[in-house]
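The following pair of complexes shares a single chain, chain A, combined with chain B in the former and chain C in the latter.
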Partner chain A sequence: MGSAQRRRRRRALLLLLPAAALLTFVFYLPVGTALLAGFRDEAGYSPARFVALLTDPYILGLLRFTAWQAFLSAALSVAIGVPLGYLLANRSFPGKSLAASLVMVPFVMPAITVALGFLIMYGVNGWFNEVLAGLFGFKVRVLHTLWAIVLAHAFYNGPLVARMTQGAWERLDPALEESARTLGAGPFAVFRDVTLPAVMPGILSGAVLAFIYCFMSFPIVLSLGGARYSTLEVEIFTLMRVLLDYEMAAALAALQACVSLLFAYIFLRLEGRAPYLFASARARRARPVGGRIRDAWLWALLAALTVFFVGPMASIVAHSLTDPAGGVTAGAYARLMTAGHDFHLGAPPVRSIQNSLRFAALAAAIALVSGASFVYATVRFVGRRLPFLETLSLAPIAVSSVALAYGLSVAFRGPLQVVPQDWRIPLVHAVLAFPFVVRAFRPVLQGVDARLVEAARLLGAGRWRAFVDVELPMAATGLLVAFALSFGLSVSETTATLMLARPDQVTMPVSVYRFLAARDFRSASAMAVLLMAVTGGVFWLAEMLAAWLRRRQGGTAHAS
Partner chain B sequence: MPRCWFGPRRWLLCVTVVLAALLGAVLGAGLPAGAQAQRLVVYTYDSFAAGPAQAIKEGFEALHPGVEVVFLAPGSAGETLARIIAELDAGGTDADVFVGISDTQLPRAIDHGVFMKLDRSLIPNLDKVPVHLDFDETGHVIPFDHGYVTIIYDSRVLSEEELPQTLEDLTDPRFRSQLIAIDPRTSSVGHAFLMWTIAEFGDPGYLEFWERLAPSLLTVTGGWSAAYSQYEAGEAPMMVSYSTDTAAGVYYADSDHSRILTPKGQAYQQIEAAGIVAGTDVPELAHRFLDYLLSEEVQGLIPTTNWMFPVNPEAPLPGFFAKYAVVPEEPVRLDARLIEENEQRWLREWARLITGLR
Partner chain C sequence: MHREPPAGAAPAAKEPGPGGLPGLALIDLHKRFGPVAAVDGVSLAVAEGELVAVVGPSGCGKTTLLRLVAGLEQPDTGRVLIQGRDVTDLPPERRDVGFVFQQFALFPNMSVAGNVEYGLKRRGIPRAERTRRVQEMLAMVGLAELAHRRPDQLSAGQQQRVALARALAPRPRTLLLDEPLSALDAAIRVRLREELRETQRRLGITTLLVTHDQEEALAIADRVAVMHAGRLEQVGTPWELYDRPQTRFVAGFIGRGNFVDGRVAGDVIDFGPLGRVPKAAVPGAGPLPDGPVQALVRPEAVVLQWPGAPAAGAAREEAAAAQGPAGSALVAAAVIVDVIFGGERSLVQLAVHGRPWIAAVFGAAVHAAVRHVGRPVTLRVPPAALRLLPPA
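Here is the complex of A and B:
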């Protein structure tokens, strides 16, 4: 008895080790040290700055607006993400696997590219307004309002919520809904009492990430809304990068992190209350969106989602193919291949693709291993929810990215000097991706009934074998989403990358910013298109792998 | 049910193979570091790296066999300075030279001990630079180009007689939502424009001006490129930008529809400078690099690759550049120390006004 418990504890600790090492050395120590500067003065440590910030009506006003826009953005992300998650989990339609991978692409788009896409879509002379003017004779102002910010945030985060919801929905046993119907419940009651509670952990997981992400947002806010809608992050950026007041910046970054983690904690407590309905080992059958009248609204939904997501992406493609005079040309793509635009040691800009893929593959691998084992240990060996520990695991994305980049760049010149240069950026990206892996994997693994594992073990399977044969296939969608998110996060990250990169370590989004700085707007868009195509391709491969896994497992379930 | 031993694990094998292949590609692609006799690391801002940097590297390396010049551009000039300071705080930077510090940032950089004192006798080309551009009295940096921040307008939308003649004219109701400004907290162009309004209207008069200006502002973007794409897409016919924009429009798009306004013959002057980073191992080589930066060869590249004006008057200007790029009759500049002392308050007051959060 005692020895079994000891073994359990030892296993749990072993599984927690990679995450603990990664977060301690590449996040908590270096970034904590940087934030601590906000509490230091001549006499020692004091909360003076913190108190001063908390009593400053301007800072409180910024905080209020930042939270409000993040809340609206998360709400719209849920409103868009849940129907999309429903379609992906329950319905089949033409081009579905392409749509599933395409819909993750906004996540990797540089902020400035999204701003351009929205300008071409929703500007006064944009496609949307041209259509409106043609059909109804009026235009609406979308840009430079709070709505532009919220829409762009939903463009980024809607897919996130959708994929997390999809993961939970796919695992919901259709028999539960069927028996509820048989017992006389109407479709709405079934949705409210069976389906919604079952997918709620996925929705909340997506919503909490969307909220934190939007809470920290700033280039999108300034480009599409304007300085009238400044967030707290702009203030931290100003203190750190313009005024070089690191102490005040650190205090403000600490305040920002506390507030966003407080919200995250509340979300996680809510999620903890949602009952977990165990998943079925049977794959859910996707019904086609058909030609019946009652499917008309689904087609309308699909069309609206296509316009919303494909519109800004297509406008970037169109922009990259036009010449300034308005003709069509592929010249921008040719310039990407030549060393004339030489950003790093004689190599053409396409070299940045290799750098980005290398960082992203390493980062995703590190984040997946440490994140998945962290989730496994907390779900299987601890059992009860640990909202506090889970909140702490979200901290890497709740800390201002300029403050994080500063703390890490100091650390890599000091105590972390031993880390080879080639591993620094992937490690930092892995830390930033860690919260996404945890949020994507946890609801899915939680949904796998532990009794299935017990059953497999009773039948003679070892712990590892039971994991590989039972839990892993059932949690495959969660892992796929975790991979896509961490890969995407690494590809799109620029703040820390720019602070840590060697001259030859130019990545794709950095290359986009270089072209913009050089006033070569078409090549910037061409580079952004390549970025979207390459990551979309990787997502599509991952999607194929997951689909194959699902099919394979569906087959096993039928055979047994 | 009889099953092959490897059956359930076949897919796992696949995943492992894919992962291993990825990892192999990743590790195999590591770049070997070039073994060079002498290496000069130059930190600069992104548009300089994407502009004249490559030609400068090749030119300097040709003049100095065995020397390798490496450019690193972590972002805007401000972000580059932030990286150098962070690295110095942590015990040392790789940077030997910093190209692109603006005159307004210089006091703060000197306070952080970024630059060493220059031996001006090692930079003979400096003698050609006009005294009014050689602004650094402390002897830490040399100027290498200058530019002018002002208002540009779309001549297809605004006719000559409609144009504002002064900054004050911009507050006229007929310009409601007609101007795109840029945030002084995140962009050096936006910063220069704010400084101009302070020079023009005084402190605190500038705040009252911005209050009057607010209705004319369509938006205040975070950076120049977002503002420029909105201006080009026809969101508003005026924006805060550089006096070389017409020349750039002619060069890239063969179109001169963007024109330059110089209200009362004025525009705000930005001087960009370069200096040697304290603690460099190659001070002598770094001095030679700064001298090369001022040579006619490099200075002649500045107009069309960096869209600024050269400081060496002997550098030839391309004909179209001389025709379209505007040097204002009366350049405006605020004292850098005055900026350093008041910047925090100015930026905060401006932000309070624009956000409406008092």
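Here is the complex of A and C:
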């Protein structure tokens, strides 16, 4: 008995090892060292600078604006994400499976691409304003206003809220709503008394997550907000890269991390609540969006969502194909394929595509191995929630990416020198993707009944064999989604790559960035299109593979 | 006796219950899901205060039928009448029905009392009255002290009682039960089904119950409707269904039995090696034309004779029955394969001409049967016990 327990503990620790190593060496130590600089002065360490920040009216104003724009962005994300989540969970409509498999693509688009799409679409002479002028005879100024920031943030986070709303809605047992109907509740009362309490935790955790992202947002604010708007992250960037005031930047990053970690903790608390109580005994049947008057608003909603999400992306595609002399041309793509090394761009564009794919594959593999074994150890060997450990695993999304990149650039020159050049960027991307792997894989593994493993072991399978034969096939779809998400996040990661990559390590978003800096909008658009194609393609492939796996298993994965 | 299967249900719809208008009337309901006809022309009348159980194998459309009554599905064609009022076009919340779901569907975000109170609230009943009614309902199901618990803190049996109290609290005109006992353990299931029956009788509420468990249906229903592939095969009292099944499906689904093939020829029915009996001696055989028939023999109608009993050798008697003029009973030589002990009644498994038969034995005969396992016996079936079925 004692030896069996020792073996269990040894296995759990062994499984936790990759995650612990990754997070400690590539995240906590470098970031911790960087942030500690904020508390250092001549006499040693003191919280003086940190306290001073909290009484500085300029910093408080920044904090207020950062929180305000994050709040507005989260609110708009909810306003967009909840109806989208409703449609995905409850209705069927033309193109739904495509929409469902590509819904997370905006979330992993690099900020620079989103900014580019918004510039082309919402600019004073962009087609959005041209259409407005043609229909109603007026234009609106979107760019360089607070609304540009908020809209772009909602473009990112709306899908996130949609996914979480959809998840909660799909879990809700339809019999609960039906029993309320038979007890005399009309559709509105059912929504208020049953549906809303069931989906609210999902919506709220989506909103809190959206708030965290928008609170940390940096390239969007910088590129779409114009000079008038600055957030904490922009200020950290300015202090660190322009004013070279590392101590001040570090103190500010520490302040920012405190706020976002607080929200991360709230997020985890919300997530642990209610939705499982409403868990379903039978699947929801998706009703088609029909031709009746009552469904007219849904069609309008679908059209608006399509314009909102597809518009900026389509704008980039269209722009990449326009010929400055008029007409359509693939010239920009041809230039990408043939251009060589350039002073502005660094490595040739083809090389940057290769880099992106190689880094992403490596990063996704590292994130998957460490994230999945972390989840496996906590779900199967610990068996209860560990809020502290989970908050720690979530921390990479709650810490300033500028501070992370700075800490790492110091560390890679110092104690982490032993890490080979080609592994550095994938490791950083793996750290950033780690929380997503954990979030995507945990619910799937929890859905696999532990008794199936016991049954396999009683039939003579060893622990490893049981994992390979029973759990792996049933959890494979969750792993695929996690892989696609990690891959997409790595391909689109810009801030850390920009600060860490050597000239020959340029990736696709960095290349977009450089093209823009060189005022070559068409090449930037063409590169952005390839980038979207890569991330969209990975999501689509993952979805196809998952569907194929589900078919092959004949739906057994849903039986438990 | 020999009616067309679907028509077996139709006449019932025209017979109102003792109180005049039926409490619930279904008229020619149809519902398709894509290519599947889930409910395919069902008519049924449930008298005021009556409990009708719809029983059938899973996938036969019985739950869909219940959902059509509740308004949770819309029929393609057909009408639903509650106390004579056409409710087909009304949404569920205005049909005044109580519904108990298979997994109970208690609101997890409300207490037990909150669940029971919910329907009263939606009907705008004043608070004082609501509180009184909730207490009354919880006392009725014996859960008064658990009023402030959350549903997930209750056992399955307690959850079932709360679901029933919740459905009954607004005093609906009709009670609909969808497999209300299937989520419970066997022991508690029998107790709760008696409680359910008693409550239903006391309140006198018109009730439609859906179950796959024929034993449960026979035990508590006033009448049972057997559903198969979207149609009602037969509607009748438990005894009628057991004693006079009108289709092969009903005969096989309700109770157990032996099936024998025969042929009507003139005024006798020839059952091959089992012998021939006069047509006039078999109930309901009168109007049958010449041709093949199938008969059902319930286990308790099979009479076993041990060797050494007064009768002559079984083989000789059987040969005489098969070749001679129509005899007084079907007779066959059989071998006892096994005896399944069942307390007051045991089942004897027999082999008759290579085919399995079962017979019921009572009291001291059980002991005799056990002693004769593996040995030949004589089997007799009086013609009055034969139940003719339409040819399969």
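Following the convention adopted for this analysis, the second predicted complex is superposed on the first by the 375 of 560 C-alpha atoms of A that agree within 3 Å, B and C clash if a C-alpha of one lies under 4 Å from a C-alpha of the other, contacts with A are read in each partner's own complex, and residues count from 1 in each chain.
Here is the rule we go by: contacts are C-beta pairs under 8 Å (C-beta built on N, C-alpha and C of every residue); 3 or more make two chains touch, one makes a residue touch a chain.
Owing to the predicted nature of the structure, the values given are computational and were not obtained by experimental measurement.
When the two complexes are overlaid on their common chain A, residue A:Ala185 makes contact with chain C while staying clear of chain B. Touched residues of chain A were counted for both chain B and chain C, and B has more of them. Applying the stated contact rule after C-alpha superposition, one finds that A:Phe515 touches chain B and leaves chain C untouched. In the superposed pair of complexes, A:Glu493 makes contact with neither chain B nor chain C. By the touch criterion defined above, A:Leu176 lies against chain C but remains apart from chain B after alignment on the C-alpha atoms of chain A. Touch criterion not met for A:Glu390: it reaches neither chain B nor chain C.
Touch criterion not met for A:Glu543: it reaches neither chain B nor chain C.
When both complexes are overlaid on chain A, the residue A:Leu62 reaches chain B alone and has no touch with chain C. In the superposed model, A:Asp449 makes contact with neither chain B nor chain C. Taken together, the two complexes place no residue of chain A in contact with both chain B and chain C. The residues of chain B lying in touch with chain A in their complex are 1, 8-9, 11-12, 14-15, 18-19, 22-23, 25-26, 29-31, 41, 45-47, 49-51, 54, 70-75, 78-79, 81-83, 85-87, 89-92, 108, 112, 183, 185-186, 191, 218-223, 225-226, 229-230, 233-235, 248, 252-255, 307, 343-344, 347-348, 351-352, 354-358.
Residues of chain C touching chain A in their complex: 70-72, 91-95, 97-99, 101-103, 105, 107-109, 118-119, 122-123, 152, 166-167, 170, 176. If you check the complex, the residues on chain A that touch chain B are 57-58, 61-62, 65, 112, 115-116, 119-120, 123-126, 143-144, 218-219, 221-223, 225-230, 234-235, 237-238, 240-245, 324-325, 341-343, 345, 354, 357-358, 361-362, 365, 406, 409-414, 422, 468-469, 472-473, 498-499, 501-504, 513-521, 545, 548-549, 552, 556, 559-560.
Note for the complex: chain A touches chain C at residues 173, 175-176, 178-187, 189, 193-194, 197-198, 274, 277-278, 281.
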